[in-house]
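Both complexes shown next keep subunit A, but they swap its partner, so subunit B is in the first and subunit C is in the second.
Moving on to the complex of A and B:
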C-alpha cells in the first residue's frame, strides 16, 4: 500500500508554465550578454580547403570568430568521437576538414547582437571541394561506394548477428512462409522549443552552460573532452526544457557555447554568451529517427506456431555515429517481436551516409523492429486463415520463454495478460476457434471503409547489452525532533515527461513524508551526481531505486541523531551483457514494459485520407507513480506515433533536406488526433522496480504504426510496407 | 533602419516604445519588454507558441510588425493571471513540457471570450494553430471544456 505513489498529484512545474514564468534556455537574459550564430556547412559532402574570417572579424560589433583551429580537441560523439566540433583545416584532428552532412558546423561568430552575428556569418568565405554524395545506405554498404571516413575500410560501422537454432530446419518445418520488404521513414522530433543556451563563467570560474538536454553529466563530459579541460572546470545546468523525445541526447549548442566562453575568457572577455537556433537550424542541426530497410522471411506451421524468422536490417546512420549502434541493438532484438521463435537468424547493419545523422527518438529502434515483426505476424495469420490476436497468443513471450538471444526475460513477464486485456477491450471474443476479430460497423458513405488492427510490443527499460548503468541520489533530512524538510539532489532531467514530480512522489513515499516537505535540487552538475540520461524509459525506474536507497540510509542516520542526516546512494541494476559476435547470445536487459494496441481506422478510398477513429492502448507500467501523467504519456505517444504513421514526411535528396519548416513537416494538430484514445493502465509489478514500477514513456509508441497498417488492411485489403500513409501512398496502394 | 515611436498597452500597462521597422510584436514583447512567457518556436507563424491577444484577437505575434501596433491593446500569458483556464489545464494534466502552453491558453481565452460555451469541434478549430508535441491534445481539450463550465 502506497500513500503518495499512485496519486495523480499536480505537477510541480505546472504553475510556472501556465503563468509564463518557467524559464527555458532561450528566455535567459543576463547583463552584458553577447550573441552567437553558427555557420553551417549546408552541403552534404566536401573538404574545406580554406576559411577566411577576416571580413567577418572586421565587422563592427563582432567580438570574435572561431573555427576548427580554435577547438582544443576537435572531436565529440556519444558512442564514438567521430564528429568534429567545427569542420575545417588546422585543428588537432586530421580529417576534421571533412564536411559529411548539411548540419556540420563550420564557424562561430560572437557579436554584440544577434543581427550583427548573422551579418558576420555571411561575410565568412569558405572554399569547399565537393565530394560524391552517398545517400542510400544500401549503396553505401557496397565496397565500391565512396567512403565518408577515409581511414575506415567500409561505411558499415555496426553489425550484429543472432543465430538461434537452425534456420534451415525452421523453414523445413514451416507450412507457410511469408517474405516482406519494409521501409520505415526518417522522423523529426519537432519539439516545440528549438535548441538554445547560455554560457558564462560562474562564481567558481567554471565554464557554465545552461541548456536543454537529457543528461547533464554526459553534456559535461562531451564539453570537457572537446575543450581538453578537466570535468570540474565545466558545469551544466538544465532550466525548463521544451520537449526532447531523444532529440536532445546528442550535442547541439553545448560544446560551441562552452568553447566560445573559454576562448573569449582567454582574451580577457568575460561576458555571457547566448545562442538560439531558428526552426530551420534545429531541423538540420540535430539527428533524426533512423530510416530502416528491412528484408525478412518468417515461417509458421499450420497450428500457427512460428518456426523460423530470418531478418536483415539496414539502418541509415547518416553522417556520424551518434547512438546508432545502440539503436541498432534494440532493433535487432525487437525485429522478431515479443514472440518465442525457435529458429532465428538476424543480421543488422548501421551504415554511414551523407544524410542527417540518425539517432535517439522515442522507442529507439523498437518502432522499426515492431513494424516488420507485427506485419509479418499479420501476414502469417492471413496465410493461415487465423485471427491476428490468436496467432500472437500462440507464440507470445511468457515467463521463462527464451528470447532470440537465447536467454529468458527477467521475471515479471506480462505480455500475455496485456495482449488479453487489449483484445477484450477492443471487442475481440474468444470462441471455439480461439480469438475472433470484432466486425467493424461500416459507415453509410460508399467511399469510407473502416477496419481494426492489432499489434503488440515489448520495450526495454534501462541501458542494454552491457552498457554501464547506474543512478545516484542524495537526500538531506533537516529538522530537530521532526523532519521539517527533505532535500533531494538528483540530476535526472525534466523534459516535460513529469520526471521531477515522480521523483518527489517517490521520495515522499520512501521517507514517509508529505509531498510538500520534499525540495528537489535537480539537473545541475555542481550539486547532483550522475543519473544517466532520460532515455530508454529508464528514469522513473532508475531514479526511484536510487531515491529509495538514499531515503533508507538517510532515515537510518536520522535515527542515529545525525543532523542534518545526509545519504548518497548509487543504484546498480542487474548486469546486462553484450551480443556475442557470432550467435548474439546475451542477457540484453534487466527490465521490460509490455504493450498492446488496437487501432480502428476509416479509409477514404476516394481521397486516400485516413481518420483514426479509436485507439486502445494497454500498457503494463508495473505501478503508475502518477496515473494522470502516465495517461498523458500514453496519449502523447499515440499521437506522436500517429504523426509518424500518417503525416510526417521528412524528405532528403542527395544529402540535402527538402523539409525545412513546420509548414512542410506536418506534425499532428488538434484536428489530426484520433477521435478517441483509451488508455488501459495495467499494474503487474516489476519485481525489481521501485514500488513495482516499470518504465513506460516509449512503449505506447511501438505498436501504433503496425496496428494502423493492419487496420487499413482490414478496411481495404491492401498491405502497406512503407509509410507514412499520406494520401498519395494510400491511393497508389489501393489502385494497384 | 528606421524607428517608430508607438504607444501600446500590454497586460494593462501603458508603454511608449521605439521599435524598428522590421521588429515583430513577438520580439518587442520578449526582448524589449522582457515578457518571455510568449514563446518563439518557429518565427514563421507555423507553431502558435507566440500567440497573444491583439485587440482581443488571437494572433501569432511573430507575424505582426510591432510598428503596426500603435494604440493597440495586447494580452500575453503573463496577463492571464487568475484565468480559470490556467487552473483547469493544470488539473487536467494538459501541461507537459509547457512550451506550447502560453499560446494554447491565449487561443483558448480568445475562444471563450467570443463563445463562452464551445463544443468539441469549436475548441479544436480554435486550437488548430497551436502545435503541441507532448500531450496528444486530449487533456487540453478537456481543460478548455471545464474552464468554460466554470466561467458560466
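Moving on to the complex of A and C:
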C-alpha cells in the first residue's frame, strides 16, 4: 500500500499558474536589461558570401552585433554537431557559411530596446549565393542529388537494418499479402510559450541562461561546447516552462544568449540580455515532427497469423541531424507494431533536405511506425474477413515474445490485457468466432456516417539502443529528533506534465513523510546533478528510481544520526544495446508502456468533415503516481494526436514554409477536440519501475491516428494512407 | 497625435478627429497614407505583417452616429460603425427581426475578437471571405457614408469592386449600415465550412434568405450569396432567377445549387483547392436552400 503515491494531489505549481503568477522565461525582467534579436536566413539553401553589419552597428542604441566569426567553436547538435551556431563566413568551421534551411541563424543584435534591435536587424546586409533546394528526401537519397554537406558523400545520415527469420519463407507461407505506401505529415509543437530567455553573469561569474528546455545539463554542455568554455563556467536554470513535447530538446536561444553575454562581458559590458521569439520565429526556428514515407508489405496465413513483414522507412531529417537518428531507431522498432512476427526485414533511412529539421516530438518515431503497422493489420483483417481486434490478439506481444530485433521484451508485458480492456470497454464482444466489432448506431441525417476503429501500440520508456542512461537525485533531511523538512534536489524539468508534483509525491512516499514536508529544488545546474531529459516517457520512471535510492540512503544516514542527512544517488537502469548493423539484433529498451485505443468518428459525406465522437484509451501505466495527472496526459495526448490526424497541415514548398502562423497552421480549438475521451488507467506493475510505475506521457498518442483511419474506413469503406484527414482529402477518398 | 513604437507594428500616427468634417478633410488630404479604423482586428494584423503601412490611422469610433444601434419598426435597423459584433448579437431586435445577421456575426472568429470587430469594418474590408457580408447583401444593406461632399448612401449591391476594393473614395467614412425591414415571413441561414469549428476563415460559405412572394411563379424569392469563391462576395443571380421561375422542388433546388457552383470562380489557396470549393458551393447551397425552404414550410 502506498500513502502519497496514487493520490490525485493538487499540483505544486497549480496556484501560481492559475493566478498568472508563475514566471515563464518571457516574464523575466532584470535591471539594466538589454534586448536581443536574431537575423534568420529566411532562405532554404545558400552560401553567405558577405555580411556587412556596419550600418547596424552605427545605429544609436545598438550595443553589439555578432556573426559567425564571433562564435568560438561554431557548431552544435544533440547527436552530432553538424549545425553552425551562426551561419556565415570567417568562421572556424568548414562550410559554416552554408545556409541549409530558413531557420538558420545569421546574426545577433543586442540593443537598448527590442525596437532598436529590430531596426538594426533590417540594416544588416547579407550577400547570398543561392544553391539548388532539396526538398524531397526520396530524391535527396539519390546519388545525383545536390548534397547539403559538401564533406559528406550522401544526404543519407542514418540507416538501420533488421533481418529476422527468412522473409522469403514468410511470404511463401502467407495466404494473403497486403502492400501499402504510407505518408505521415510534419507536425508543429505549437506550445503556448514561444522560445524566450535571459542570460547574465551570476554572483560566481558563471554565464547563466534562464530558459525553457527539457534537459538543463545538455543545454549546459552544448553551450560550453560552442563557447569553448569549461562546463562549470556555464549555468542553466529553468523557470516555468510553457509546454515542450520534444520541441525544446534541441537548442533555440540557449547558445546565442550565452554567446552574447560572453562576448559583451569581454568588452566590459555586464548587462542581462533578454530575447523573446515571436510565434513566426518559433515556427521556423525549432524542429518539427518528421515526415515519413513508408513502403511496406505484410503476409498472413488464413488463421490470422502474420508470417512476414517487410518495411522501408524514409524520414525527412531536414537540414540538420537533431535527434533524427534516435527517432529513426524507434520508428524502425515500432513499424512492425506490438506483434510477434517470425520473419521481418526493415530498412530505414534518415535523410538531409532543406526543410525545417525533423526532431523530437511526443511519440518519437512511434506514431509514424504505428500508423503503417496498424493499418497493415486492419487491411490484413479485411483481407481475411477477420475482426481487427481478433487478428491483433492472435499476434500480440506477450511475456517472452521475441521482438523484431530478436530479443524478448523486458518482464511485465501487459499488451494482451490492455487490448482486452479497451476492446470490452468499446463494446467488442467475444463470440464463437472470436472478437466482434460492435455495430455503431447511425445518425438520422443521410449525410452522416459513423464508424468505430481500434489500434494498439507499445512505447519505450527511457533512452534506447545503448544510449547512456542514468538519473541523479539528492535528498537532504533536516531536523533534530524528527525530520522537519526534506529537500529534494533534482534536475528534471517541469514542462507542464506535472513532473515536479510526481517527484514530491514519490519522495514523500519513499521517506514516509507528508507531502508538505518536501521542498523541491529543481532544474538548476548549480544545485542539481544530471537527470537526463524529460523525453522518452522516462522522467517519472527515472526520477522515481533515483529518488527512491537517495531516500533510502538518506534515511540510513538519518538513523546514524547525521544532521543534516544528505545522500546523492545515481540510478542506472538495465543496459540496452544498439542495433547490430547487419541484423539489427539488440536489446533495445529496459521498459515499455502498453496502450490500446478505440475511436468512434462521424463522417460528413457531403463535406468530408470529421467529428470524433468518442475515444477510449486504455493505458497500462504500471502505477498512476497521480491519477488526475495521468488522465490529463491521456486527454492531452489524444487531443494533440487528433490535431495531427485531422487538422494540422504543415506545408512546405521548395524549403519555404507556407504555414508560419497559427492562422494558417491550425491546431484544434475547444470545438474541434474529440467530444468525449474515456481514460482507462490500468496498473500492471513494471517489475523495475518505481512503485511499479511505467512512463506514459507519449503512449496515448500512438494508436490514435490509425484507430481514427480505421473508424473512417468502418464508416465509409475507404482507406486513407495519408493524413491529416482534412475535409478535402476525405471527400476525394470518398468519391474515388 | 501619439507615435506608436511597438516593435512589431510599423510606426504610424494616431489621429482622433473631433468631427466627421474634420475626419473627412484629413483623410482626403492624406489620400493613400491615411486610413480610418474601427475595431482594428484585421488592420493591425495586416500592419504587423507589413501588408499595410499607413502613415496615419484615423480613429472614427467616437464620431457622431457611429455608436448607435437602433431599430425602428417603421424603417428598419441601423448599426453604427463602431458597434461591435457582440453588441449586434446581443440585441433583442436583431435576434428577433434579423436573426440571419446575428447568426452570421456569431460565426466570426472568437468571442474575444467580436468584442472589437464590427459589421461595418467587416464590410469595408471587402474580403471575399467576410462572414457578415452575405447577410448584409441579402438583407439589402445600405451604407451611410460621410465624404468630403457631405453625407450620402451607398447600397451594398454595387459596393464591392475586388478583394479589399470598394467604391469608397479618399475622405469617405462609413458611419453606419442601414437595413430596411426584412420581407414579411422570411427565413435565412448561413452555412460556413471552415478548416476548424471555431475562428477560421471560411473555405466556402453560403448565405440564403428566402421570403414568400406571390408575384413570382415559384411563390418565393430566394437570395443566395457565396463567400470565398470569387474576388468579391458573390450573389448567385442565375441560381436566384432559376428558382424564382418555377415551383420549388428538390430537383429545382438541386439545379439551382448546380448553377451556384458553376457561377463561382474560386482559387486554390492554403484553405482549400478551387475544385473542392466548387463542389462545396453546390453541396452547401443545396443544403441551405433546403433548410430555408423547410423553415418556410414546416
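The rule we apply is simple: the second predicted complex is superposed on the first by the 736 of 736 C-alpha atoms of A that agree within 3 Å, B and C clash if a C-alpha of one lies under 4 Å from a C-alpha of the other, contacts with A are read in each partner's own complex, and residues count from 1 in each chain.
Just so we're on the same page, a residue touches a chain if its C-beta (ideal position, glycine included) is under 8 Å from a C-beta of that chain, and two chains touch if they have at least 3 such contacts.
Since the model is a prediction, treat every value here as computed from it, not as a measurement.
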If you stack the two complexes on chain A, which partner ends up touching A:731: first (subunit B), second (subunit C), both, or neither? second
Touching partner for A:606 - first (subunit B), second (subunit C), both, neither: second
Please determine whether it is subunit B or subunit C that touches the greater number of subunit A residues. B
Does subunit B (first) or subunit C (second) touch A:118, or do both, or does neither? second
Touching A:659 in the superposition: subunit B (first), subunit C (second), both, neither? second
Using the touch definition from the top, say if A:191 reaches subunit B (first), subunit C (second), both or neither. first
Considering only the touch criterion stated at the top, classify A:651 as touching first (subunit B), second (subunit C), both, or neither. second
Which partner chains sit in contact with A:669 here, subunit B, subunit C, both or neither? Use first/second/both/neither. both
Who does A:562 touch here: subunit B (first), subunit C (second), both, or neither? neither
Looking at A:278 after the superposition, I want to know if it touches subunit B, subunit C, both of them or none. Which is it: first, second, both, neither? both
Both subunit B and subunit C touch subunit A; at which residues? 278, 663, 668-671
Residue set of subunit A touching subunit C in the complex reads 113-115, 117-118, 278, 606-607, 609, 647, 649, 651, 658-659, 663-664, 666, 668-672, 726-728, 731-732
Where on subunit C is subunit A touching in the complex? 5-8, 193, 195-200, 203, 270, 272-273, 276, 279-280, 283-284, 287
Residue positions on subunit B within touch of subunit A in the complex are 30, 34-44, 46-47, 49, 76-78, 80-81, 86, 89-91, 93, 95-102, 105, 123-125, 127-141
Which positions of subunit A touch subunit B when the two form their complex? 8, 10-11, 13-24, 26-27, 29, 189-194, 240-245, 276, 278-279, 495-498, 628-629, 631-632, 635-640, 661-663, 667-671, 673, 677
